[in-house]
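The next part holds the structures, each set out as structure tokens.
One chain, chain A, appears in both complexes that follow, with chain B as partner in the first and chain C in the second.
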Partner chain A sequence: MAINRMFRTCPMTGLRVHESAEALIKANAVAAVVFLLLGGILALLVALTRWQAVHLLPPDWFYLVLTGHGLDMLVFWIIFFEIAVLYFASSILLGCRLAAPRLAWFAFFLMLAGGIINNYAVFRGDSSVMFTSYAPMGAHPTFYLGLILFAVGALIACFVFFGTLVVGKAEHTYNGSVPLVTFGAVTAAIIAVFTIATGAIILIPTFLWSVGLVDHIDSLMYRTVWWAFGHSSQQINVAAHVSVWYAVAAIVFGAKPMSEKVSRGAFLLYILFLQLASAHHLLADPGLTSNWKIFNTSYAMYLAVLASMVHGLTVPGSIEVAQRRKGYTKGLFEWLRKAPWGNPVFSGMFMSLLGFGFLGGISGVIMGTEQLNLIIHNTIYVPGHFHATVVIGTTLAFMAVTYFVIPAIFRREVSFPKIAQWQPYVFGIGMTMLAVFMMGAGTLGVPRRHWDITFAGNALGYEFPGTAHLMMGLMGIGGVIAVVGGAMYLLVVVHSVFLGRRIETPGFQRVRVVEGMAPIPVPQPAGAAPQAHGGAQAWGAPGTFALAMVFLVSFVLYYFINWKYLATVWPLK
Partner chain B sequence: MADPARDDGLTADELDDGIPFMQQLLDNPFILLFLGVVTPTVLYVIWGVMEIVGIPVAK
Partner chain C sequence: MSAIQPPEHRIWWKQPVEPLEITWIVVAFIWCIFMFLMMPYWHVFGKQNLANEAYRTTPEAYTTKTQAMVDKHKVREEKFKVGEAELTIPVVRPPAGSDVYLIARLWQWWPMLELESGQTYRLHLMSMDWLHGFSLQPENINIEVHPGYEHILTVQPTTPGTYSIVCNEYCGINHHTMASKLYVVAKK
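Now for the complex of A and B:
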């Protein structure tokens, strides 16, 4: 089989773009967006049902739609997009050909088939088991089959990524260490391998059980192994969106990492410890000892949290350094005030960073503490937390970088620039409302995944305080705003990609590279930055330091408020 | 790359010239892959499963 060695040099970024990699990035990104559309429609229906005053769907539809929403968003949208990120961070940033494009296409179609089959199972109506699909609750066999096919496809894609690193090294398209953004993608891919392996370990027997070949699945065993998969898959997201943050800082500001050593060390902490925090999902389960729970959550998880705080500090820090060098040196925050807030690539990324840190990060530590977990376990606080992490954090970061990918990879101008400019704000603000009010309602005890908290017509009712209903209403309004923001994204993206004005470059051509050698990268401004290495620069970022102090103070205060609250829930007399 | 003709012991000088250990580690995605899979497998999965298996079954 002939190896495709056709490259083009991107006139906008100077990056060398391999033909096959480009096509695969497009395909995976388009598939991702289709699932986002589906998940978004379902999101609206879910939000309008949990908003008690609207209470749109009947119960069977509510649980069906909630299952579909969780899977289409958390699994299919995010992972398709991540595969695109992996191919970009390897082939394009290293300027080398993608290893085994045919295999990558096979992986893509396997994932696509998996996504469709799983959705088929959900919409049949007999698989409303939520995305966690806890045994002994059973779904139709095609539910598990779809997930397994998808996972196998994603695993193959990860190995195409690792193979591309090997190709780059062998064909000398880069020297020494890979760029930091690529290193972040390596972290994501490593976590993905563990995630998918544990997914297979638990979903294959469950599939066999659903077709009657295995007669029993132990529920605690299921939950334990399932969460190694379910939680770790969220950590793929974290590693991927942190890489996107670094990439955006480099693309928009030409920022270089403040310290390669520190940032890479933080990614190493992710590789070693992030996945262990899976245990926080089992804090309320009997059967596992506190030794296991506390080692894996408190000790290991705090090291991973530390790593996130490092990234949360060095990304804005590197932006601050770059901005100060451009002369924005007045006071603590001129660099931030004069940042390009009208550029959705930046605004989306920065809101992702703030939301992930302040809302998602702090609430995550609270939930990961064994004692405090009892206050909010299985309440709607939990979806409040993870909409801050996977939606404001990951999804918004991916949306932001899309506005760079459209001109750079799809070679189209971004349509409706005004709408694109507002989109991250509408989505970010709506999502922030949704997350905050979910957390508020959860603190008052409102359960998650619950069709009707008024318990109308039930023998054993429970009356939630009026504030809880108010919060659920505000949550619903936030949800509607977020759906509008999501629709704006879809409008801009779909229009740009299919109908947008082509960016024509005079003399454009793809060049065949001499057999056995990839092209020598010619760095140019925007593309060179994410490929470049940082040095041991001075840590001249006082504004970021001030922000970090605000973060720590909020963190400590909120932590103690929760302990205080725990004391009132469980009075010790 | 390791030179097969050379013995394993590195002098202090050679170490100074060479790439630091941590950097070598971070530059090798396959060692990282190994660490990133084995650590959670042992500390989370195997330890957790052993605890569950150790729970006595009700009669």
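Now for the complex of A and C:
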């Protein structure tokens, strides 16, 4: 079997693009966007039902649609896109051929089949068990089967990624270490392998239980193992979207990491500690000791939180250093004011960074604190938190980088540039509203996954305060705005990819590359004095440091507000 | 050399780190340690902590204990209209300091409890079937309720009044109808 060694050189970036890798990135990105469309329609229906003044769907449809929304967004959209990111960060950034493209296609079709089968199960109507599918509530066997097939496909894709790293190394297509973005992608892929293995441990027995071959699934065992899969899958997203942040800083500003050691060390902390985080879903459960809960939910002393706080500084810090070098040196924030806010690649990425840090990050640590979880567990605060991390953080970062992928990989111009320019703002602001008002309503006790918090016709129901209903209404409005932002994204992307103007490059050709072509490394004199890094001067990013201090103060204040609130509820022990 | 290219220096891990980054790492790490210590601190000095007491048991054994409590301490019955159905639920007033039992099942909390403010009770929670969520409003205390695990908490109601228990773990098509009352009365 001949190995495809056809490459083209990207006129925009100078990157060498392997033919098979390009085709696979396109396929995975298109599949991702299709699931985003489906999940987005379901999102609108969910938001319009929980907005009590509209209350669109009947209960059976609401629970069905909510299940589908969770799966299509959290699993199918995000992971398909992540596979595209992995292929980009390996084959394209290293300038090497993608390992085993046929296997990668097999993985793609397996994932696609898994996604379709799982959606079939949900839309049958007998598998409205939510994204979490907590046993002993059971779904149709095809529900679990679809997820298992999808996971196997994703696992194969991870191994194609690892294989590509080996190819790049063996064929000498680059010098020294892999780029930081590739390093981040390796982090994501390692966490993905752990995640998928855990998914297999819980979903295979549950599938066997659903067909009658296993007679009992313990509810606590299920929640413990399921979350080692369910939460870890979100850590893949974190590692992936942080890599995208670094990539965008490099693409838009030519920014270089402040120091490779710090950024890579922070990625390493993700691998070592993020998995423990799954325990914070079990803080209100019986049968687990406080010692276990404290150790695990603090990610063994919050070392993964520390990692995110480091990335939160070094990404904007590297942008600041690059901007200051271009002459934007006035005051603390000229570098930020003069940033290209009209370029959706940048604006989307920067809002992703702010939303993930200020909203998602802080709220995540608060509700992952053993005792504070008591006043938050299973309220709508929880979806408020993860819409800030996964939607503003991951999805918005992926949307932003799409505006780079369209010209670079699909070789089409971005259609409707004005709409593209506004899209990250509309989506980001809508989603921020949604997340903030969900958290507000959750603080007032509004439950998540609940069809009717007015308890109409139920003499036993609870009357939530008027503020809670107001917040749910504002949440609904935010959701509708975000759906409009999502529709703008889909319009621009679908039109660009299928009908957009082709970017013609004079003299375009694909070149057969037999061996790697890494440039000869610049010899470093033995014992060369290490240079001051990143910034030319010692304190290269004062504006970023000021922002980091604002973040820390918000974090500390909000942390203590929650303890104060906890101190007012009934004593428990 | 940007983040999408190999690092400039082959031996990148020997390059010096910017003082700005070091400062931030130290500050952030101190905050992380503080947050870590806050949890054990609250176990010693705080009043709101979950117990580590839980037992594996069966729905039958748990129902028997609950029924015994209802038989002994029932003070009245209350009727409620839930949709089309009319429910009659016993209200139980167990003595202060005693073991009180609450059953979670599709889609009902049973029985109803009447507790005295300022007293402590050993509250037992268990589900008969699927997962449920004990959400006490407007206090906003939220606890996961498992089938097969009897979870015991020592609670101390503060202010007299009528509280609500809402189910906040999705438990199927009538999940949103699963709600109940909890009465707290002033000490006699």
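Please note the rule applied: the second predicted complex is superposed on the first by the 542 of 573 C-alpha atoms of A that agree within 3 Å, B and C clash if a C-alpha of one lies under 4 Å from a C-alpha of the other, contacts with A are read in each partner's own complex, and residues count from 1 in each chain.
In this section, a residue touches a chain if its C-beta (ideal position, glycine included) is under 8 Å from a C-beta of that chain, and two chains touch if they have at least 3 such contacts.
Since the structure is predicted, the reported quantities are computational estimates derived from the model, not experimental observations.
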Have a look at where A:257 lands relative to chain B and chain C in the superposition and call it first, second, both or neither.
second
Once the structures are superposed on A, label A:465 by its partner contacts, choosing first (chain B), second (chain C), both or neither.
second
Who does A:247 touch here: chain B (first), chain C (second), both, or neither?
second
May I ask you to decide whether A:547 touches chain B, chain C, both, or neither, giving the answer as first, second, both or neither?
neither
In the superposed arrangement, does A:177 touch chain B (first), chain C (second), both or neither?
both
Touch test for A:287: chain B only (first), chain C only (second), both, or neither?
both
Which partner, chain B or chain C, is in contact with more residues of chain A?
C
Should A:220 be classified as contacting the first partner (chain B), the second (chain C), both, or neither?
both
After overlaying the two complexes on chain A, where does the chain B footprint on chain A coincide with the chain C footprint?
176-178, 218, 220, 261, 264, 282, 287, 289
Counting only contacts in the complex, chain C reaches chain A at residues 1-10, 12-21, 23-25, 27-29, 31-33, 35-36, 38-40, 42-43, 46-52, 54, 80-83, 87, 120, 125, 129-131, 133, 135-144, 146-151, 153-158, 164, 166-177, 179-181
Listed in rising order, chain A residues that touch chain C in their complex are 59-60, 63, 93, 128, 130, 134, 136-137, 174-181, 218-220, 223, 246-247, 249-251, 254-264, 282-287, 289-290, 294, 298, 301-303, 305-306, 309-310, 313-314, 317-318, 365, 369-371, 374-379, 443-445, 447-453, 455, 457-462, 464-465, 521, 524, 530-535, 538-542, 544-545, 548, 552, 555-556, 559, 563, 566-567, 569-573
What residues on chain A touch chain B, complex-wise?
162, 165, 176-178, 183, 186-187, 189-191, 193-194, 197-198, 218, 220-221, 224-225, 228, 232, 261, 264-265, 268, 271-273, 275-276, 278-279, 282, 287-289, 292, 295-296, 300
Which residues of chain B touch chain A once you look at their complex with the stated criterion?
22-23, 25-27, 29-30, 32-33, 35-37, 39-41, 43-45, 47-49, 51-52, 55
